[in-house]
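What follows is chain A paired twice: with chain B in the first complex and chain C in the second.
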Partner chain A sequence: MHPEAQTAAVSRRHFLARAVKAAGSICAAGALAYWFYDPTGPGPAIEGPTTRGLPVFSIPGSATKMSIVRGADRIKTLQLALQAIGGIEAFIQKGDRVLLKVNAAFASPPLLSATTHPQLVGELARLCFKAGAAMVAVTDNPINDPASCFGLTGIAQAALAAGAKVVLPQKHFFQPTTLPKGKLIRNWPLLQEPFEGINKLIGLAPVKDHHRSGASLIMKNWYGLLGGRRNIFHQDIHNIIKELAMMVQPTLVILDGTTSMMRNGPTGGSLSDLKHTNTLIASTDQVAADAFGATLLEKPLSDLTFIAKAAAQGVGTADFRALQPVMISAE
Partner chain B sequence: MHPQNKKNTRRQTCLSLMILTIIATIGLGIFWTQFQYNPAILPLNSHISNAAQTSTAPPLLDLPAGMVPLAPPEMFDSASLSDKINGKAELYLSAGFVRLRSQRFKLASSPGVWLEFFEYDMADGTNAFAVFSAQRRQDAQTLDLTPYAYRTPNALFFVRGPYYVEIIASEASEELFPPMQLLAEAFIGQTQVETKSIAEPALFPKEGLAADSITLIAADAFGFDRLDHVYTALYSEGDAELLAFISRRKTPQEAEELARAYHEFLITYGGQSLDADASIPGAHTVTILESYEVIFCDGPYLAGVREAEDLAQAQNLAQRLHKELQEVRDAS
Partner chain C sequence: MKITATRRICQIFFFVTFLWFCVVATLGEQWWQLRGWPVNWIIQLDPLVGLGTLLSTHTLYAGLLWGLATIILTILLGRFFCGWICPFGSIHQFVGFWSRRRKTVGPKVQSNRYHPRQSLKYWILIFLLCISLADLMLYLSVLPRKAPWVWGALVLAGLALITALAVRQTRVRPSKAIVLLCFTIGTWLILNVLWRGKTVLLPSAPLQIGLLDPIPLLYRSVNLIILPLMDRTALKIAAVPRYYDGTWLIGMIFLLAVLLNMVVPRFYCRFVCPLGALFGVLGRWALWRIGKTRAECIDCHLCERNCEGACAPSSIIRINECVLCLNCVDDCRHGLMGYGTAVSATGEIASPDLSRRAFVMAAVSGAAAIPLLRINGNLGSNWNPQVIRPPGALAEKEFLSRCIKCGQCMRVCPTNVIHPAGLEGGIEGLWTPVLNFRAGTSGCQLKCIACGNLCPTAAIRPLSLDERLGVNRFVERGPIKLGTAFVDRGRCLPWAMDRPCIVCQENCPVSPKAIFTREYFSTLPTIAPLVVKNASPVEIEIETEALTPDRYATGDFYCRLTDSRGTPPRKIVRNSARNLALAPELPFDAPPAPGSRLFIQIRLQQPYVDPERCVGCGVCEHECPVPGRRAIRVTADNETRNPEHTLLLRT
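And now, the complex of A and B:
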């Protein structure tokens, strides 16, 4: 044996002490692992206590307002539409945390008008900040490849350029939600996380034909808050839109009929599906906004039964003329 | 214990404790940081740039020169189709949809411009024609790529065997049409299919027939849930427009039974039976919602005319359609 090795030879006592220490370390590691061990696993993302709907974002006590502005320039029509109902300051105050619910359902270019136009998103975010908003976030749940949907529609770039945040849906953002008095929205996963800390909600939607519901306007746009296999609701589309409208009480809605998708909706795909209807609507009554949107699509209200159903539930009025909307031409 | 050994042990112990302290600090740092990060908020362009990255996955087809993938191929079945096209999924599902493959491509010469290629596998050519014809655009320009093909300012649509294909550009530009056409030709060249011609469109009388108006309704035709696979064609009679329809059933008996059921359906919803057109045996004539409908059978064909504002016009077109069907039957 090498002399040095001989010097470092381990005595019996030393060996036993080390063996005991090693065994102790192994036991400690095992105990730690056992402490962390979760025999049930993480479980589905939507587990958790059921939430009852969403907070109310409408401004209490304020009169119902609506404006309809004719014009092709979205920035100009948006500014005029808001001015006509008291200005953005009537809805957004200093320190507000605003969520813009856009329609980013498809990864399609703004050209096709299948999604909320990025110009509108950027300008509205800018106006919110100008009114003193502390934070503006933009969200939707397109299900398929949200990053592409937000990116290729130009919505993400417009939001970020205006200083807003883009909230892409993730599994754990959904919580089981039940709408009191609802028959369809019961323990259904709803995109709740983006509403954390939010006190103002604005819906922005384009005017579109829809193969199932007849039209995709403001109320149908809340469909993007649903998670799970939401396509099952297509079998009862008018009632799910009604329930969504009952659940979401926005501060304000902006319906963009600058270019309306008249047929082959909601995806469209061709410029031939579009018509320049050159109209933008701002309203605190989502039912009234949709009722006017139906006129842009040249559809009778009887074809869009979700409007009457929502009105019957007291969500708003289908008789938009009763609100005496401010009519302005920006041209 | 040897003094040297004891000294080494102390030094080793100190060093070990120091390393363990560093590891524990890093661990605590990670533990603390993960609770501070809110993944809901994406302040940067990371996801957006991901969308624009060129995929390394093989593209759906061999691409023409100058075209490269913009995103990986995507595939959807009947359970997931609505994830891609939302509410329009029902149109495809009711027409026999099997699978959708899609992919976005960009032009090497214009990286900001992109095309999306949609290949709907509809199981057979008839189903593919159904979704093609149901969505045909009004200002379409017919192409000779395949028997059923057209283009619009920003898109190209065609049927190839069981496939209904859409190529949609991110911009409307004449310069984009050649690459779109090349992509379509690449798909046609690389896709071996059994092409069967669809017989029914040829059965409609030519006179007064509006060009490219023939449509196949796959299911729930005219609001009657038993009426499926119905070809319709638009006719102009002076200022008026009326619709002719044909549906081939499995047997003449089935056609007759369905004609009776459809007639009853119209009566149930407020229609009134009129004296039948004597020139067409077994025909039913109904007036409903200030319009006229004629329903008749010829062999396995259930056919008729609807949405006519004038009874004489309805009967005239029905007679011409009946004659056309008789000639086909006599020839076969």
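And now, the complex of A and C:
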């Protein structure tokens, strides 16, 4: 073959190879552009999917029960209070997975009573296991650093000693949640992850003064389930407490008035803020528990608007006497 | 006509078009102002803008589809954009040509030698693209969990490709292949472990191509430097000279890029330009290419006298460096150089001169750059409330995934209130639009939606007036809020200095007003106690000459008796050193008794902001008479675009 013809053939082959590759790239570019073409651009931010409230944890069909026990020894008063409303077995069955929502809001020692007392956490966890619970977890989304809060309050140690799990909140534990009947809890991050696989919920809170809402008792303690920049809810504190109470339907609540924080709540910080009121309440009605808690704080119900609001929504009754609570003394 | 003359006409056409589009991006009613001119066309032709935003947002926004046309032509023809269209390239070419017009052939050829450092621009391209690519890679790495089918299809496609390559290439080293496979699987496993439990990644990767992409760079420079400088001459385009904050850096970079042509012609194009690098890669298989038609050559190097790309046409031509200026075709006295389908007779190099090491370095540093910057929490709890974005700007992360820092919004803003950010939004936010209410001619006009409708990438999305104002279909959502105004009571005249003012309240354009006032009568000190000597219901004479004549006649001053609590203060209409005349509409019922004590008060209206109504337009801040740091200032609190910056509870 003539050398020139040979180069021509080589060059033709090169050209064809190139043409195929070029055509391929053009097709790829065209396909990509077509696939991702967006003629309108982004619209206003749309709200993502949202979880509807929380499951119901109250025991269906059981009568509302409440007990009030006088005494300074939390372990004794807790045992008596539970016995008086049918024993822990009435609430916790074999194989139950229990979540204790404590108040671990501040990194302060149990002595200052700004948080749920560790003795109470340990004893309640022990009782749950005794009743056959498969798992007990303790959680809260505190105000101060979570690890410090659970550590310094003694709650973590007490829970672990009793064999319970401590669940510290993490960012991805919160999921946007909407209370269907609510106005404030709409697409708001809620501490959902610890509820995974849980079938019993017990609220465990101390009796405290609260400067904005009047009192921090059982219902206000659910605030610790909120995530995000939740403090904007202080602009409408009574309604957010009401909505939280509507959303959370616990198996049982324990309100600890052994030592009540009478002023400078919710942090306190001085022993002079505290008063030994020596009372512990166990109840299936959170509104009634709070209404009784108000008497320990010596506050009229009219000061604690959230109690009437929650009662009006049918969460419970503000007239705790109507429940004929069992009153006993441990002393 | 020579082909180079055609090229010059084409370059001039696109340069003039570019300038024209910059000039007409002016809000107004003249024919040469915004009249539907396609002012973004040249930005849209830039495929790096399209590719960058495609990587960062997984979408190709409207007009950016034009970039596809450029890509197709480049794949067919080579880097024609650089030599024929790019207005920045035209500037470089002109300056380079002009500064060497008297030079002889020798130095000219010397200055057009290929330099190995020309591969720097590929580093830059890889660096900039990997900034956006990192998120996509991460997304792909967790794809098996999210979408197993898509993942399976991708794996199959990959295997098919590998098989095809293995069949074609006989030299496959199993050891190397195994190492590579293990490395890939290992990386994938590690990524999956590190990112377990993370929520779905939203397609809003960071984007930084705007830093060095020549088209946004040139737009930024012309919009923010050249045209404002022109405004200060007789050629002024804007009615009022325009200011832009922190333009020294933009100006310096532009000047440097242009002046470097005097050192090396087309310095920016050869060494820096990431767009040119992209074209270099895309033009690898161009059907037509520059080259020698025959190998016999006397090596006169005349073809390199005006070679714009420094692509070594005299020896082994580097196709990816060739900008298709076609000067070599013109300059070759022997008719050797041609633009045809065959490769150069003396051979060619089609791929960039980039080692694997360089590639990995650029890619890794690009991928790491933004995560590194974002450790500072700028996008989270450490956000800067001084960064107030134009109306329609997306939430900060999404905004940063689209903004190319071209300055079109700043150019079109009728009140000159949009400025290029310095470091207030972090290094990542450099030259992105922020509102500066002190510098403009007013605040952000309530009934203006120009910036979003001009933004070529929808970093500021196009709003309708209805949406901006929150009317009709948008009543439920309410108006777009840029932030909230806060009164600084330590600097505000009626709050801190006993001076009436309320300019902010008067100028608040929101209806009903977002600023309201509360009346307050403030008692003023006098040099001596004012004791009544004689009085009628509307005239009071005091015992000492304690008053500055006419001082209290402004209509804002009132007087009141010590024991007159509960009765309104009386307005003063005139005064001399010892006499006060009161407004006849409200005389004293009984004249004050001689010996009673009198006080002078000033009536103040103290401003308050209603955060529910305030949209953060900044008109109040602009109008506030406190000249330095204003007594009412807007911060981005409660801005619509970032829901986590909400200030008020929705009730």
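Annotations for the structure displayed:
Quick note on the criterion: the second predicted complex is superposed on the first by the 282 of 331 C-alpha atoms of A that agree within 3 Å, B and C clash if a C-alpha of one lies under 4 Å from a C-alpha of the other, contacts with A are read in each partner's own complex, and residues count from 1 in each chain.
Rule of thumb we're sticking to: a residue touches a chain if its C-beta (ideal position, glycine included) is under 8 Å from a C-beta of that chain, and two chains touch if they have at least 3 such contacts.
Please read these numbers as outputs of a predicted model, since none were measured by experiment.
A count of residues in chain A touched by chain B and by chain C gives the higher number to B. Applying the stated contact rule after C-alpha superposition, one finds that A:H211 touches chain B and leaves chain C untouched.
In the superposition on chain A, A:A107 makes contact with chain B only, while chain C stays out of contact range.
In the superposed model, A:L168 lies in contact with chain B only, and not with chain C. Once the two complexes are laid over each other on the shared chain, residue contacts for A:K21 go to chain C alone; chain B is not touched. Of the residues of chain A, those at positions 11, 14, 229 touch chain B in one of the two structures and chain C in the other.
Interface residues of chain C, counted against chain A in their complex, comprise 50, 54, 58-62, 65, 67-68, 71-72, 75-76, 197-199, 282, 284-287, 341-343, 394-395, 398, 458, 461-462, 467, 477, 641, 643-644, 646-651.
Chain B contributes residues 1-2, 4-5, 39-43, 45, 47-52, 71, 74, 79, 82-91, 104, 114, 116, 135, 137-140, 152-155, 157, 166, 168, 170-172 to its touches with chain A in the complex. Interface residues of chain A facing chain B in the complex, by the touch rule stated above, are 7-8, 11, 14, 105-109, 111-112, 137, 143-148, 150-152, 156-157, 160, 165-168, 170, 173, 193-194, 196, 210-213, 216, 229, 231, 234, 237, 264-267, 269-273. Listed in rising order, the residues of chain A touching chain C in the complex are 11, 14-15, 18-19, 21-22, 25-26, 29-30, 32-33, 36-45, 172, 183-184, 186, 228-229, 232-233, 235-236, 239.
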